[in-house]
Structure formats: C-alpha cells, structure tokens
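The following pair of complexes shares a single chain, chain A, combined with chain B in the former and chain C in the latter.
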Partner chain A sequence: MMQLCIARLMLWKQHVLSYLFWLWLPLIGTLLFVPFIEDVSDEFLVPIGIVLEEETELAQQLYQTIAQADTVNVEQFEEQEAISRLNRNQLDSVYLIREGYQERIEHGEQRYLVEAYYTEHSIAYPYVKEMVTSTILADTGKVKAASAVVGLAEAHQQSDKWNSDEILATAEQLYQASSILSTDLTISGEDRPIAEHDEPKLYWLVWVLLSTLSTLFLFDWIITEKSQHVRLRFQYMKVSYRCFLLNSLMMMLIILLLVDGLTFLVLNVYRGEQLSILTLFSYRVTIAVFSFLLAMIWKNRYFYQATAISFVLWLTLINSSFKIEGEAYQLIQSVMPLNPLRAFLNDHASWRGLMLVVIGLALWYAKEGGFYARNKGSN
Partner chain B sequence: MKQMDGFRIVSVLIRNNFKRLKGKWLSLPLVLLAPIILLSVIGYLVIAIVEQPTQEPIHVGIVNLDQTDQTHLLVHLMEEVSKSIDYIDVTSYQESDAEAAIAAEQLDAYLYFPRQFFSSLLRGESVQLEVVGHPNKRLEGQLVQGFVDNIGDYIESAQANILTVDYYASTLLAGEERQLLLFEQFQSFFFHALAKDQALQEHEVQISLYNSPLVYFTIAIWFVLITIWLFSLYIILHKHDDRRMKKRIILYGLTDLHEAIALLITLLVIMIVLAISSFALIHYWLQLSLATDQLWFIALLMGLYIFIFSELFIVIDYLPLSQRLKLIIQMLAMVGILLFSGATIPQVYFPMSIQDGVGYLFSNHVFTWLEQIILHGRFHAEFALLYGYSLISIFLISIGSVIRGRVK
Partner chain C sequence: MLEIREVTKKYGRKHVLDRINFQIMRGEVVGLIGENGAGKSTLLQILATLMSPTSGQVLLYQQPYHKHIKQVRKKIGYVPQDIALWEQLSVKDNMVFFEKLSWVNRTEQQLKQICTDMQLNQWKEKVKNLSGGMKRKLNLAISLIHEPELLLLDEPTVGIDLKSRVEINAYLKELSKQKGTIIIYTSHDMSEIKELCDRALIIGDDPFYHDILNQ
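Presenting the complex of A and B:
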C-alpha cells in the first residue's frame, strides 16, 4: 500500500507546480473574483430619463426617490433631448412630469399623472414602470390621507387645527414604521413552510464553479497515463492497475478535502457565508469521483479539457440568474431540476448524486476487473 | 517553385481538415445541435419569465378566519380582481371545504386570512398571510404566493395612510363613528392602490422597422450561436501537439503559418456555409425584407467577424503556456467577446465608463452594424476598424509562427 502511494507521489511530483496551482485556484480565485464581480454587476444600470416641467416639492420628491433606486441611472433632460436619446436607443424609458403635477395630485386626481415613453427594445421597462408607479402611489397616498384629515377637521369646524405639512410628516413617519405583510407558502400535508430562497451565496457559487473546473483538470493525468502504457507494467506486479488507480483517487480526494477544510474555514468564518460541512463533503466526493470516471471514458486529453470547460460554462450560465429576484428566481429554480449544483447552492447534501457516482465507480471497478482477467488469460 | 509548394501544403492540410471532420460525423452534428438546444432552453426561460402561463387558470381558494366587514370586502375585491386576470381564479371557501377541495384537486392552493387580521393591521403589527399549496403543484403555489404578495403591497401602502388618518381622527371621533370612518378610508385607499397602473400615461415609441423585440432577440441569438459554433469547430480542428508527428512534418517543409492558413480557410468555408444557411432560415421565418446590398454588407461583416475571431484564437494558441491555461484564456475571451458585443446584454445597459470604449471591440462593432442594417434598415456599414484588426492579426500570426519555428 505504502509503495502505491509513493509511486503515485513520484508521478505527481513531475507536475507539482501545476497541481498546486489548480488546487488553490478555487479559493484564491473566489476571494479575488467576487469583489470584482460585485463591483462590475453594480455598474450595469438601466438608463432612464426624467423631464421635470415643474420644480414643485412633489415633483422633486418623485425624482429623488427614483434616483435613489440602485438599479437605475437617472438623468434629467429637456423633453426634446430625452425623446431623441430614446429614439437612438440610449435610454430605456423616459418619464415626463408635466406642469401642474402637484396641483393635480392635491385635487385628488389619479389618472395620467406622469407620461411614460418607451420603445419596443425597452426590456427593463416593466420593472422600472412598476417602481415609478409605486413611488407615485406612495406620494399621492400621503397627500390623499392629508386631505382626508383636513376634510375631517373642517367637518368638525376646526379647520386650522393641523396644517398639511405636519400631517405629511406624520404619514412619512408611519410609512417608515409600517409593518411588513409577509406571506408563507406551505404544501398541504407538510408541516414546514417552504423556505424562501436565502440570499444567494455569491462566494460559494463562484467557488463551486471554479472548484468544479479545477477538479476536472486535476484528474486529467488519468488520460495522459493511459497513453503511456503504465498499465502494461502492472501485469507483472502483485497489485492490479485498478487498485493503483483507486488508491490514487483516494489520495487525491484526501488532498482535496484538506484544501476544502481550509476553504470552509475561510469562507464560513472570514466571509460569513454559511454552508454546512456535509454539503461541502458530499459535493467534493461526488465531483472527484465524477471527474475520475469522466477521465476514464475520454481518450483525448485536449477534448477532455474542452469538455470540462464547456461543462463549467454551462453551469455558470444556468446559475448566473442570481441577479433575478423574487418570482422569476423561483420559476427558474423550479424549471431547473437538471441543475447539478442546485442542491449545493440550497445547502443540501446531494445523496442522490453521491449514490450515482459510487454506483458508477463500482461498475467501473467490475469492468476493469474483467479487462484485467482477460489480459492475464491471453498472456 | 517554393511558392507552389506552399500552396500545395496548405491545400493538403485543408483536405486533411475536412477528412478529420468527416471522421467525426457522429459528434459533429451533436456539437452543432448542442448550442441550439442550450439557447432554446434559455429562450424558453426568458419567455416563461416575461409571459405568464396562459393555459388553465390556477384555482385559488380564500379562507377567511377574520370575519370582519373589512376582510369580507377584501375577499370580495380579490374575487373581482382575479376575474380580470386570466391566469388566476379566486373563490372563497370554508376552512374544512378548502382542505377537501385540495384533496379532490379542485383547488391548486388556498390562502388564509388569519384571525385578527384587520385589527392587527390597524395596530401596525406585522401580519402573516399563509398560502397552502397542492403537493403536486408547487410551481402554481409559488405563483399564487406572488399574486398574494402583490395584493399585500396594495394593503401595505393603504395601511400607513389609514394609520395617519386614524392618528388624527382619534382626537375628534370615538367608538362607532371612528370605526366607520376607518372602514371608509380603507375602501378608498384600497381602490386608490388598485388604480395605480393608471398613474402613467404610456406611449410606445417605435424605433426600429419592426414593432416587436423578436427580431432583435433572434439576431442576437443567431450571433451568439455563430460564435459558439465557431468556437466548437475551432476546438475540434485544433491540432493538439504530437511531437513525433511534428518532426516528420517539418521534414516536408511545413510551418505553423501553413497550418494557420489552412485552419483559417477551413473555418471560413464551413462557417460561411453554416451562417448563410441559418440566416436564410431566419430571413424566411421572420420575413425580413433586406435588399441585396444589405445582404452583402451582412455577409462581409460576418465574414470579417469569423476571420478576426479565428485569428485571435490562433494567436492565443501561440502563447507559451500550458494547454489548459490557453483553453481557459480562449474560453474567457469568447465570453468577453459575447458579453460586450451587445448581443447578450443590450448595450444601453452597459456601465457608463465603458460605453465609449466598447465600440472598439470587433464583436461590438459587427453587432452594432448588424443591428443598424437589419433593425433600422440602413444601407451602410463601416469596415475600416475590422480591416485594421484583420491586418494586425495577420501580422501577429506571421510573427508568431516565425518565432515558434525558430524556437523549435
């Protein structure tokens, strides 16, 4: 047994630098990448234009609230300029606040307070529209409340008891303190409500993608050695080649688990992104055995690497929906049962995946035994 | 004579490339089809998000445990609102009936208004609405939750206003009269919230020849597809280093430049066939009406795009790095080229800081002009930048292959 380990280490020693690189890439890459991704994705904004025809308090307030939203980039234009920019597809949509906005709200009008212009290419329009209308709704609601109170006071012949500024301030306070109406989804016959999706774990997501890539790469020595006729020499030894490979797999797994242990400490403690150790363990064993088996099937190292990269690119693609929130996110989650990383990202250990690869490994072991017996026989 | 040899070597290599592709007759269709499947899955997702399901409406029951006038009104309103929405159908139920209806599959989900619902709202306490879904219809349950969340937003926005009125009314009114006022206010604010979509007067401005984004999306997906095809073909045709073979080949006077030229020509020929046939399909399907001149512009743009892209990849392969690293660099290059081309994320949404610089990226340049020609019907495209890039990369390949020849 000891000899097998030494033989494996000697084979690995030739490429020690490259192994070290791929072993540590997931952790170091994650720590470097994530702040970068966060910076960049914050800069992708929806450009919208606002035309203010009046400088009243309510119009300003509307402009300020929209400008504070962190998904849009608001600029103020003259009407002509805004429309021409919209026509050149430089703005997603344009909102026109006409003269008399505040006055009309104070008169209790609700229809057509703001004009919106959009084009057939305004992908973000439904979203921005929703935000603008709820801002208007909040503003008009407060004014409506104030006028109801003033009306009430007048009905009781105390018309100067409160002024509307004071009422608006109270309304604003109550808005800030307003309770949150939340909803819970339970499935009939089950006790626990379905957990709302947690904050997507960006660090673990990047880590798991990089780690899948590097694990796949770390196992490509299997293909190289296949063509080097290492196997032939084993015919003259006591141990079989499949034992040697299995032994190597275990060694690689132990090394990977050691590195994972450190990763776990860094990301869980230092970065505060919680993940259970069972999840990590089941992922690690699954991906390592999967890579091992995949490398067994492939004959050409270059195509194996290209497959590995395409696989990871596909995973990145179907998992990069973390920017989408709410309903759409859940929809994606439910039509994506094929996403192999779903269990990991939901912090569940995926026993099914683990079972599959272990069965695969057993099948390979049996088949390899057959090969061995055949060759012994023919020699 | 030497010139002649060069031509012969390149033509032998090209023939060899095609032979290798023939040998991969099984995996080649797979490689070409895989991205189409992948892109249609993503397209399906986008459509699923943008458009609500249109088939059977979801049947939702409401169980009202609160039994106050206000919640009765609310239930009634929800029934009314749901009539105007195609995908949801709301009916009120008794608690025991609702559970039975779920079991009998008459309902997909039901919703509780808890006891004390309205009075806790008035006291400003937080309230939880519970949605119970059918075990086999989790997706529907989630859609209902979204619908209820939406109603919840209406209620929430009304709540603060009612509290404001109540705050002042409490000094003037008492008992029965105050309750009545609050109920009136509740109704009025609820209707106010329901009417929020009327606050905007919407105008749609048509800026392209087609009044739906379908053409844009199709062209964008086509562009991405061409890029992925090109990348896959490059990987398949790429010569992985085989030292013994190399030595033998050098004896015949073959250089890296010959290989690069042969690879470029092979890729161009195959990609042009693929691009033309796929574009013909799109042209037929979307019933575009493009003039011959415009088609020539598109062909030249795509030809140059394929040319520059392949050259870039050959140059990356000349770098003295390990195979894996080169593959990763190429993959990242492809992702970057696609990400900033405007075909994956429309250019309007790019950060301000790169808006200007990104136009110098060849993929962005090509896609912008494709848009201008196909969507805006222009009879013009600029090629100077693309010619420049082609020349620079031809130069780089020549230098690179000479250096590589020396090192060997």
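Presenting the complex of A and C:
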C-alpha cells in the first residue's frame, strides 16, 4: 500500500506545479474573484424603475425598502421615461407610487396602492410584489390594528359579554386578502417565479464552478498514462494496473478532501458563508470519481479538456441564468432538475449522484478485470 | 525447464502456430527465427502469459500456465518489442518505481548495479533524453529487477548500434550462465543468433531458414 503511494507520487512529482495550481485554484480564485464580482455586482442586479408621485414619509419608506433589496438595482424616473425604458428592455419592471399614497393607507385602504408595469421578460416582478405587499400590509396593519382595538374596547364597555362573532368578523377584516398592487397595467406577460436560489451563496457558487473545472483537470493524467505501453509491465507486478489506478484515485481524494477541509474553514468560518461539510464532501467525492471515470473513457487529452471546459461553462450558464431572457430562460429552467449543482447550492448532500458514480466505478473495475481476461484469451 | 506441448494458435480461421512442441533447459539461450508474420511474437506472447493458446499447454518448471498463472508470472521477465518506460522519469526513478511494485525488495545500489552491468551509466538522466540503445537497455533492465527464471525478449536489439548490441548480448550470455535463466529471444539477425544462442528454433515452414541454419 505504502509502496503503491510512493510509486504514484513519483509519477505525480513530475507535474507538481500544475497539480498545486489546480488544487488551490478554487479557494484562491474564489477569495480573489468574489469581492471583485461584488464590487461590480450592481451591473448584475435586476434594474427596476420607481415613479414617486409624492414625497410623504410612507412613500419614502416604501421606496427605501425596495431599494435596499439585494437582488434589484432601483432607480427613480418620471412615468414616461420609465415606460419608454421598459419598452427598450432597459428596465425589468416599473412601479408607480401614486399621489395620495400615504393618505389612503391612513384611511385603511389596501387595494391598488401601487401600480406596476412589467413585460413577459420581467423577473423581478413577483419578488418586488411580495416586498411591496408586505410593506404596505405592515403599514396598514398598524392603522387597522389600532382602530380595531379601539372598536373592540368600546363594544366591550357597552355590553358585558364579548361577542365572539364580532371579534371573528373583525379579525377576518384584518386578515382579508388584499390586492395591494394593481396589475392591470401589464404590458404583456404572466407571472414567473424568480430564480430558485434568489440569494445565491456567491462564494460557494464560484468555488463549486472552479473546483469542478480543477477536479476535471486534476485527473487528465489518466488519459495519457493509460494508453502507454508501460502499462503492460503491470502484468508482472504485485498489483494490477486497475488496483494501482484505484489506489491513486483514493490518494487524490484524500488530498482533495484535505484542501476542502481548509476551504470549509476559510469560507464557512472566516467568510461566514454557511454550507454543511456533508454537502461539501459528498460533492467532492462525486465530482472526483466522475472525473476519474470520464478520463478512463476519453482517449484524447485535448478532447477531454475541451469537454471539461464546455461542461463547466454549461454549469456556469445554468447557474447564473437569471440574466437570460425569453425562450433561452425557459429552456434552461426546464433542465434545472438535471442541474448537477442544484443539490450543492441548496446545501443538500447529493446521495443520488454519489451512488451513480460509485456504481460507475464498480462497473469500471469489473470491466477492467475483463479487459485482462479477454486480452489473455484471444488478442 | 520450459515445456511447450502441442501449442496451436488461431486468429479466427487463420492458423498462426500449428502444434508446436519443444523443451528448453535451465540456462539455455534459444533464438526464434522465421519470416515476417510466421508467429514469433505470437509465440513469445503466449510464453509471456499475455495470451493463451487456442489449444496445447505450456509448463514452466512443471507448473502449467493455465493453473498457476500468478506464480508463473512472478518468474517471467518480458521485454516487449515496444519500449515500455516512463518517459518523463529518470533512469533511476524508472527502476525504483518498478521495484516498488515488484514482488521483491532491492536496494538502490542493487538496482544501479543492474544498469551498470549492461553499461547503462546515465543513472540520473530522464528517459526521454536517452538514445534508442540506452532506452532498450533500460527496457531490459526493468524486466530483470525480480531476477526472472524465464526471460523473453522480442527483437531486443533492433535499431541499436553495434557496441550496445554487443554489450546487451554479453550481458544476456552472462546471465544465463550465472543465474541459469532461460532466455528466449527473436531476431532477424542470423549472425547474432549464431553468436549468442545455444540453439535456434524455426517458426513456420519456410525451407529457406532451415538451409541457413544448417550452413
């Protein structure tokens, strides 16, 4: 066992710099890259427009609430300007806070307080709608609760008994579903849910993309190695070539898990980006065994690398799809259940993926044994 | 002693080896000759356990191949026709690598001795920087780490200059004498066969080779 490891290290030693590079790229890349994205992240936020027709305290409060949301970038416009920008696709959607907003809230009105313009490409609409609704509910709720308590107190003083029907009716009024945001100004389109993880764990997203790429590259030595004549010599050795490879896979896994342990400490503890260690390790084992099997199948190193890069680009695309519009977005949403990173980004361990690659590994091991048997028999 | 009994090899319907029979004693050096495509490499691969015969059997010191494949393999040193080395490693690292994975333990000094015995002195040099002759020597040296009792060489001296060829042959002759190694090798060079081998076996039935051997 020890000798197998020493033998493997002798081979890896030749490329130690490139291995070190790929091993540390995900963590270092993430630490350097994410603050940079966050700096320019305004560009990545969904632009929405707000038309403020009055400058009252409540109107300002609502504006501030929307502006502070971290998935949208809010700008204030005149109504005409906002609509023309929306038509030119420069804005995702537009919200109008009409004259008399505060006054109507104080009168306990809950309907049609804010108007919205949006298109079929709008993705911020459902999200902003939620936000506006809860803000207004909170504001009107305060007004209503106050008057309800006063009303009940008066009723209680007049009669000795609490009238339960009355209380229920009042409560019903309080919780009545309210259509706060008018949607009759829709330009065209329908509601669409905002992306599943609307607050992506940016550090882990960047890390998982980089480490998928680096893991794939860390296994590409297999392609050149397995096709060499020197493989023949393993027939006369203590261990078969497949055992040697399996041992190397385990070694690589241990090294990767050590680096992952450190990554976990840095990102989870130091950067405060929560992710469970089980999620991290199950992802790691899955992607490492997957890369190993892929490299066993591939014959050409450059095709393998091209595949690896395309695969990671595809992952990047589907995991940052909230900027994409129209049919492409629909298409991507429809493949979302197949997204290999979905479990990881939702902080679940991907047992299904893990099981698949372990079965794959077992099949490979059995087949590789068969290769020698066949080779012996008829070649 | 190596015994080959009624060994036949067919590739599909094509007969390559037809009921080959012979015995080789301990310490004998035997050359295999025959025209191109006669089946020399095929026979060597059968003897090296890399393929099994269609019928017939092979025994090494009374152990039939098909029953004791593992033990038999421990006794075999096979030097393939194609160079089988880690090109990016040094001579030393190649030797150490295969020592680690072999059935035996050797010190670095012992490994180096095998190389110097056959005049391969570039111990620290990377294989990719070696000349063709030096690569052939290392190709052979690795197959000798576990001191095989049966050494099989497929055209070991092809494309090698005269000096290296003489050195390799001298080494092989010494090995069979000192350690009693059975050596079987193929070559197209008749003078080499005559000089090195105790006897030659003709594969195939081309009368040309029978005549040459009797000259």
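Just so it is clear, the second predicted complex is superposed on the first by the 203 of 379 C-alpha atoms of A that agree within 3 Å, B and C clash if a C-alpha of one lies under 4 Å from a C-alpha of the other, contacts with A are read in each partner's own complex, and residues count from 1 in each chain.
Rule of thumb we're sticking to: a contact is a pair of C-beta atoms (placed from the backbone, for glycine too) under 8 Å apart; a residue touches a chain by one contact, two chains touch by 3 or more.
Keep in mind that this is a model prediction, so the values were computed, not measured.
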When the two structures are overlaid on chain A, which partner does A:104 contact: first (chain B), second (chain C), both, or neither? neither
Could you tell me if A:3 is touching chain B, chain C, both of them or neither one (first, second, both, neither)? second
In the superposed arrangement, which partner chain does A:232 touch: chain B (first), chain C (second), both, or neither? second
Now for A:14: first (chain B), second (chain C), both, or neither, which partner does it touch? second
On the A-aligned overlay, A:114 touches which partner chain: chain B = first, chain C = second, or both, or neither? first
Regarding the shared-chain residue A:85, is it in contact with chain B (first), chain C (second), both, or neither? neither
May I ask you to decide whether A:271 touches chain B, chain C, both, or neither, giving the answer as first, second, both or neither? neither
Contacts on chain A seen with chain B and repeated with chain C across the two complexes: none
Enumerate the contact residues on chain A facing chain C in the complex. 3-4, 6-7, 10-11, 14, 228-239, 244, 375-379
Per the touch rule, the chain C residues reaching chain A in their complex are 48-52, 73-74, 76-78, 80, 82-86, 88-89, 93, 96-98, 100-103, 142-143, 146
Using the touch definition up top, name the residues of chain A that touch chain B in the complex. 18, 40, 43-47, 73, 83, 86-92, 110-121, 123-124, 129, 132-134, 136-138, 140-142, 144-146, 148-149, 152-153, 156, 158, 162, 167, 170-171, 174-175, 177-190, 193-194, 213, 217, 220, 300-303, 305-306, 309, 313-314, 317, 324, 326-328, 330-332, 334-335
Which of the residues in chain B end up touching chain A in this complex? 38, 42, 45, 48-49, 99, 102-103, 121, 124-135, 138-139, 141-146, 148-149, 152-153, 155-165, 167-169, 172-173, 181, 185, 188-189, 192-193, 195-208, 210-213, 216, 235, 238, 240, 322-324, 327-328, 331, 335, 345-346, 348-353
